[in-house]
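Each chain gets a letter, A, B, C and D, in the order it is written, and its residues are counted from 1.
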Amino acid sequence: MSSMIIVMKKDATSEDVDHVVERLSSIGCESHVSVGQRRTIVGAIGDRESIQQIPWEAMPGVDRAVPVLKPFKFVSRDFQDEDTVIEVRGVPIGDSSQFIAIAGPCAVESREQLFRTAEAVKKAGARVLRGDAFKPRTSPYSFQGLKEEGLQLLAEAREEFDLPFVAEVLDPRDVELVASYADILRVGTRNMANFTLLQEVGRQPKPVQLKRGFTATIEEWLNAAEYIYKEGNHQVILVERGIRTFETASRNTLDITAVPILKGLSHLPVIVDPSHSGGKRELVVPLARAAVGAGADGIMVDVHPTPDTAKVDGEQALLPSEFGDLMNSVRRLAAAVDRSV
Amino acid sequence: MSSMIIVMKKDATSEDVDHVVERLSSIGCESHVSVGQRRTIVGAIGDRESIQQIPWEAMPGVDRAVPVLKPFKFVSRDFQDEDTVIEVRGVPIGDSSQFIAIAGPCAVESREQLFRTAEAVKKAGARVLRGDAFKPRTSPYSFQGLKEEGLQLLAEAREEFDLPFVAEVLDPRDVELVASYADILRVGTRNMANFTLLQEVGRQPKPVQLKRGFTATIEEWLNAAEYIYKEGNHQVILVERGIRTFETASRNTLDITAVPILKGLSHLPVIVDPSHSGGKRELVVPLARAAVGAGADGIMVDVHPTPDTAKVDGEQALLPSEFGDLMNSVRRLAAAVDRSV
Amino acid sequence: MSSMIIVMKKDATSEDVDHVVERLSSIGCESHVSVGQRRTIVGAIGDRESIQQIPWEAMPGVDRAVPVLKPFKFVSRDFQDEDTVIEVRGVPIGDSSQFIAIAGPCAVESREQLFRTAEAVKKAGARVLRGDAFKPRTSPYSFQGLKEEGLQLLAEAREEFDLPFVAEVLDPRDVELVASYADILRVGTRNMANFTLLQEVGRQPKPVQLKRGFTATIEEWLNAAEYIYKEGNHQVILVERGIRTFETASRNTLDITAVPILKGLSHLPVIVDPSHSGGKRELVVPLARAAVGAGADGIMVDVHPTPDTAKVDGEQALLPSEFGDLMNSVRRLAAAVDRSV
Amino acid sequence: MSSMIIVMKKDATSEDVDHVVERLSSIGCESHVSVGQRRTIVGAIGDRESIQQIPWEAMPGVDRAVPVLKPFKFVSRDFQDEDTVIEVRGVPIGDSSQFIAIAGPCAVESREQLFRTAEAVKKAGARVLRGDAFKPRTSPYSFQGLKEEGLQLLAEAREEFDLPFVAEVLDPRDVELVASYADILRVGTRNMANFTLLQEVGRQPKPVQLKRGFTATIEEWLNAAEYIYKEGNHQVILVERGIRTFETASRNTLDITAVPILKGLSHLPVIVDPSHSGGKRELVVPLARAAVGAGADGIMVDVHPTPDTAKVDGEQALLPSEFGDLMNSVRRLAAAVDRSV
């Protein structure tokens, strides 16, 4: 049956229709032509990838080409029905009976800052530590991260507090380095469509958190996940972190609807980041709780011992004590949806 | 202190600055001029409304005018610190210990359709009935509602099932009519900035649900609420129903972050509409649950006995049995945030 | 041929397909079923309006319904191939050999303000005067217009300077009043989806400027035009005035691409408003010139003798002398696309 | 004078204010405190970069921090008043008396395709050839470019037709390779915030075209340009190519307003891409003409000898003959704004 429906223009000629049919034939596909009073429609039958490569709308007489099937394959529920569960040092991400909290500083700034935070989040119930050593910054004059020194501190914190950690990688040249330290690599929102980076993280063995580009559609996001999957790395974790809209009262607009949509379209785990989406401390708790209700597999939260000296995104960091309150609240809600924290 | 900060251009002259100062003086306001190496800044001190009327950025030498205070007043937490609770036939909307479900058909189509739905939602725990008699439709060829006959049916259902009801009003000429039947009037998303309609509903005694324009900022929304409040009607209920973004996987993007933001800025009750925001049946339950987590005071849900014959928005209507499941789920979550349904 | 293509879900049953086929049959339409290996597709053949009313996506087993034809009819190029040209007191709007400038104050504030402006814009080459007597304002504390007194002043200016005028109408109750004075009525951006207002202006004999809702798609805009047209008023002028996006450097984002798209889809005249879209005086001239290049039929420009005392939108108003410069520049560009000003 | 204005909350304590003042003092900056009846405001006086690093809004009692100055420096008109003109093999980009056309295939597919196109665009008046050897593709199943072979073909075409060429670079590891062939490097829309790539192109000697991220604000775009500039490469060309909005009738929404805004904020050349913004062949000519009117320094246009066999973006490619017509039209319009093509 059709992989693509090609709607001809009102004034398309029979030559135009023949042209489309011949083109399909030339790539080994069949066509089903439906001639009507006002428009002719051609159904393209055959290999999805071949058909989607052709610029149908560039052909004379073609009005629109409507894909019937999604462009991604491996990351789709059509391909794999059961949920992917990713085990990281014993922590199962994507298991529908659990709700995983990932927490830590946005950027690693010092041993003291990192260790104080790690100790607190562990105590409050976080299962994975976050902390970045490479930071993408809008302004070239902003702090760019401690680089390898930061990764070393994270590795030490892992041992000290028995917490696997996730860290961002910005550059394909750094993938090997980051993968040699981190338990999970993160591709950040600005790099979701950095395809050479996606390919590199797809070729190494560690799980990858793929943040949604703040301007990416869900379909583009799943295509980006497909890039990683296709290279052989099947451990992809999707992180919703807000999209850019006209609203300026919050830093971004958390697309909470993306959670159930992704759960329908894909088998991959879905995490919500309530810190970067809202961009303000007082929004973190309500957004984290909304994530539980929406069916996410977990949250990722910025915590900092002294947010007003933070080098990155202090406005949104919770104090350790606030994170403890958040976990208490999340725990109750998670129980109400049959998940343990 | 300053109600407005006026930043002069780099090359503004002293005459430009004097002009600003004189203009402030002419409306009875004071100014505080801060001369720097690169820019001069004027703080405008005095009555907020007077200062916000002036087109500062139209003046020679002015780069930007930054308001320090919000443009709305009565609907702000600054004006009233305690939550507004609106009682409708004994149902308290905005009470932080309760979570209110409003449910019913998108449009009233017939007595049977309405009564079957009303009976089911009442039984499942809804406290208010929804059902519209006037429908705004994008296409002039679509069903526009039963008009007064629909209101009569709603009034009968109210008596039969002991459920107050909310109904939309589209036209200032219909306000009196709708108010003579309904317990709560609704101003829909397309009319949020229909200022003459806002004024009319502000001059009648029934509570008003004000849906967010799907393209309105939170600040514009609160300004619209201010229009109603200022006319003397203090019973305004805010309904978040999704905003328009680039994402096409859902009909709109539910701005769940708006819930805690509104709770911070305003004292008015906040309801979430998970039906119109997502636009698809399978999204309603997760979005309703997210609303509980985010701190909303309730939800408003489309229910229809036979969605695939619905004249409006059948794609998003729950079956009565599905609504029952939703209520069971919402009840558990609400308990986890100390609210009863 | 098909008016709608209904794509079934992967796991749709043959009962689901039968259900769709029966539903089509029940509204007097035929169906064409194409069964494939992975999906079944049903083409719905018959009356467009009937088919588009059905909530196909609410039916069991239906994945998506893709309309083949646009929902609007009379305003479409399919319905009328030649351009609509609207004559207003001898001024032809929509004539591809002319480029029409409409100019005047955003709001009428006083006889002196209006007459000084009208005299200047007439001298510079404007063919139509603008000036509003009813103003929709985001804040209830802002100036709302001179109402009927403003219309009287506009009528006097028309006689004095031999300029037909356009004025906004906000409320269905005021349509008769505004139509008794103005040569062209305007439905503003906030009222583009105020369907009862659209119907009222569709039932009176004066031409109507229909501004694009700043959040409306082009398809919704043409549907709104269809509302007016369907009531019997065929004199509709489309005004592009910018859409709401994430960019905050300009008030709105002028969608210049809408001009050629509208020219392809519809036969109605298209005017560009460079004042309200940019929201800043220095942007008006470049945007007006871009409108010429894009193929618009004219521009509508705010002019004010003393912008920094303007009661509405002074930031974007040109001085009369600046408007003269604009017209000189536009005249040269229009000549380069074979239009006279 | 102030680089940042810090507005305290209504209920901020004097300790909160002292804290802000001490923090400023600790980074060598001064403060100006203005105490009002309802709010206190602190003006931060001193080094812009130092002040903008601090997370002011994370501090207790702080409501908002409003920057007075832009975060970018070298690319700003404040830093350099005269226009930057970039000479590429004798072609001056950014010269206000000229309008430069850049044209060629989206992707290099073969010698014949490239040479046929290059010959045609040269003849029609293009001054620079475009053609990519590395293509970022949304789907991993799409054609990714000929890589070095493509660059070799471009270099041969340059000699054959005496046309400098621009080519995209996707990966920091390829910068040296691309720079060894191309006359201008391009950073594409998906990589505008790929900061390590920006730094690499900033460290090599060839001019760089920086496309706007389709979701980037103008301020973020200029920050990205600052990244390149700060590394020592002052030859940055800005390319507006449309932004993502809710409108789906065109691929993206060309932000024509960005042209005059950039010309006000920055001294860098501004080029418009009418092909990728509209995404449809019939939109290219009107958008190119709008670019002339808006004051752009040139256009970049996709041309292909057989668009319906194009491997990338055939929908938007002009035929060589259509490009000739476009140039004739652009030449007339450019003359009307005193530019030669």
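Heads up, the rule we're going with is that a contact is a pair of C-beta atoms (placed from the backbone, for glycine too) under 8 Å apart; a residue touches a chain by one contact, two chains touch by 3 or more.
Everything quoted here is computed from the prediction, not taken from an experiment.
Considering every other chain in turn, the ones in contact with both chain B and chain C prove to be A, D. Comparing the centres of all chains, each the average of its CA atoms, the largest separation from chain A belongs to C.
Between A-C and A-D, more contacting C-beta pairs join the chains of A-D. One simple way to say how far apart two chains are is to compare their mean CA positions; for chain A and chain C this gives 38 Å.
For the pair chain C and chain D, the distance between C-alpha centroids works out to 31 Å.
Chain A and chain D have CA centres that are 26 Å apart. Of all residues in chain A, those that touch two or more other chains are 215, 244-246, 248. Contact residues of chain A toward chain B in the complex are 215, 217-219, 243, 245-250, 253-261, 264, 277-278, 282-283, 286-295, 329, 332-333, 335-337.
Residue ranges on chain D touching chain A, taken from their complex, read 23, 49, 52-55, 57-60, 71-72, 136-143, 170-173, 190-191, 193-196, 213-215, 220, 223, 226-227, 230, 244, 280-281, 307-311, 313-317. On the chain C side of its complex with chain A, the touching residues are 1-2, 5, 7, 10, 32, 34-41, 43, 45, 66, 68-69, 78, 244-246, 248.
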